[in-house]
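In the two complexes that follow, chain A is the common piece, with chain B as its partner first and chain C second.
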Partner chain A sequence: MEASSEPPLDAKSEVTNQLVDFQWKLGMAVSSDTCRSLKYPYVAVMLKVADHSGQVKTKCFEMTIPQFQNFYRQFKEIAAVIETV
Partner chain B sequence: MAAGEFEGGKPLNGLLNALAQDTFHGHPGITEELLRSQLYPEVPPEEFRPFLAKMRGILKSIASADMDFNQLEAFLTAQTKKQGGITSDQAAVISKFWKSHKTKIRESLMNQSRWNSGLRGLSWRVDGKSQSRHSAQIHTPVAIIELELGKYGQVYHAHSLPALHLLMLVFLLASDLSHHFKPH
Partner chain C sequence: MLLELSEEHKEHLAFLPQVDSAVVAEFGRIAVEFLRRGTNPKIYEGAARKLNVSSDTVQHGVEGLTYLLTESSKLMISELDFQDSVFVLGFSEELNKLLLQLYLDNRKEIRTILSELAPSLPSYHNLEWRLDVQLASRSLRQQIKPAVTIKLHLNQNGDHNTRVLQTDPATLLHLVQQLEQALEEMKTNHCRRVVRNIKTTKK
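The block that comes next holds the complex of A and B.
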């Protein structure tokens, strides 16, 4: 491990993937071939994760707004817990 | 067979349920013959077929336009006045069905239009200080997050792809998050 610009690899990185990038967008699906009047807001997320060899993979997924609110709530909980450790 | 000879009431409600399962919720194995024999056994197949097509068309129109109750009433009234349309009994059953199933059908339509994976589950764990065999450094607390990603609708098909498991994302949380996310 040389340059300090590299993301710090943790003991866990031997067996888990590391998050290296997180992008999001808020979209509104208006219409589709199966439903003319869709009106469906969603949050799309793109994650980049690196395994212990440094290989980076991209994962994309979408959430409905209620799902995103639950996602956000969980992360707030994680942040609160990690402060106490 | 005139529209009025098809019973409204329970058989029609059952038919609409089955049509919704087939058209929106992706339930397999719902055939025309199954529906006819279960719900309208006294109706010959060549008469059942156009009736089924008509009901499916009406349901799809209502769902596609995401009709509110005013639009629904206007639409169904127009259908009762048409040649070869529906009876007012049948209109009442359809109206009641849409009102109670609208939300669920809308949700399925949203899922159908989602071509990325959805988030099917999230679990997490926070670890305290840790150390690896190869490093003298003691590492700060980390959050490990498991995201379960998958495409909707695939659970119904035998040859579907399993849900993607994003195992153990290491999510480094420190008091200042931003420097972990800078591209490099």
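The block that comes next holds the complex of A and C.
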């Protein structure tokens, strides 16, 4: 019998995009056009995502420290749930 | 300024005196509608059947009329010049009057449509900036790396666009130097002469 020429249905790559890279940096804004003296720490994240055709897109976003702490808490919860599965 | 009509153009327009002025007026309406929305070849076939001629003849007639109107509108020729330009076609007084009326009635709108054909680049709207210091990254801790983050607000055809860019202070200084140099160019004799000429001709 001949093997099927279609690749096996990969549940994650048909429906969602794949995370290819996750880069982050911690910065501090010290001055801006609206406020000359700042002390504003933030986390900047740069995600590289590949869609099912292989095309890679970059998405950048920034978070304040409280936003980042919330972000981190989500991943802690995900890790905890995975433990129980 | 007179319009110079090519032989081919004159041939296409020669169809117009062969039909009623009501038909010519209808062709004029179709021509302007095609300028607004794009052409629709089916209209040529319907008209060709009713007038008992080939659809090519109708198409050429409408296209000839469209070109006459767009060229006249583009150059903004005077009533007199339009009449003189059309006179060489040897049409009846009634047809000449009809064509002139078509030109005068539609000139403004045609010019507005033609002005939209010029390419429009995005233009500056606003610039926000922020001076950052990078303290750490995934690959390197304990850093002190200054950077400038810029949010450029642009306008294009009425849409608002923003671009976020980032650079280091040295590159930003270089950018500022280049822009200042460009402004300095305005003070050279060559530029001054050009600007003076534009000011005097723009009455």
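In the analysis below, the second predicted complex is superposed on the first by the 75 of 85 C-alpha atoms of A that agree within 3 Å, B and C clash if a C-alpha of one lies under 4 Å from a C-alpha of the other, contacts with A are read in each partner's own complex, and residues count from 1 in each chain.
Keep in mind that, in the parts below, contacts are C-beta pairs under 8 Å (C-beta built on N, C-alpha and C of every residue); 3 or more make two chains touch, one makes a residue touch a chain.
Since the model is a prediction, treat every value here as computed from it, not as a measurement.
After alignment on the shared chain A, the placement of chain B and chain C results in a side-by-side fit free of clashes. After overlaying the two complexes on the shared chain, residue contacts for A:34 are found with chain B and with chain C alike.
When the shared chain is aligned, no partner comes close enough to touch A:73: not chain B, not chain C.
When both complexes are overlaid on chain A, the residue A:25 reaches chain C alone and has no touch with chain B. Once chain A of one complex is fitted onto chain A of the other, the partner contacts of A:17 are limited to chain B, with no touch recorded for chain C.
Of the two partner chains, chain B is the only one touched by A:47; chain C is not. By the touch criterion stated above, A:64 is placed in contact with chain B alone, chain C being left untouched. The wider contact with chain A, measured as residues touched, comes from B rather than the other of chain B and chain C.
In the composite built from the two structures, the nearest CA pair linking chain B and chain C is 5 Å apart.
Comparing which residues of chain A touch chain B with which touch chain C, the overlap comprises 22, 29, 32, 34, 60. Here chain C touches chain A in the complex through residues 127-138, 147, 149, 164, going by the rule given at the top. Considering their complex, residues 63-66, 109-110, 112-114, 116-119, 122, 124, 126-128, 130-132, 135, 139, 141-145, 147, 149, 164, 166-173, 180-181, 183-184 of chain B touch chain A. Contact residues of chain A toward chain C in the complex are 22-34, 41, 60.
Chain A meets chain B in the complex at residues 5-8, 10-22, 29, 32, 34-40, 42, 44, 47, 49, 59-64, 67, 70-71, 74, 78-79, 81-82, 85.
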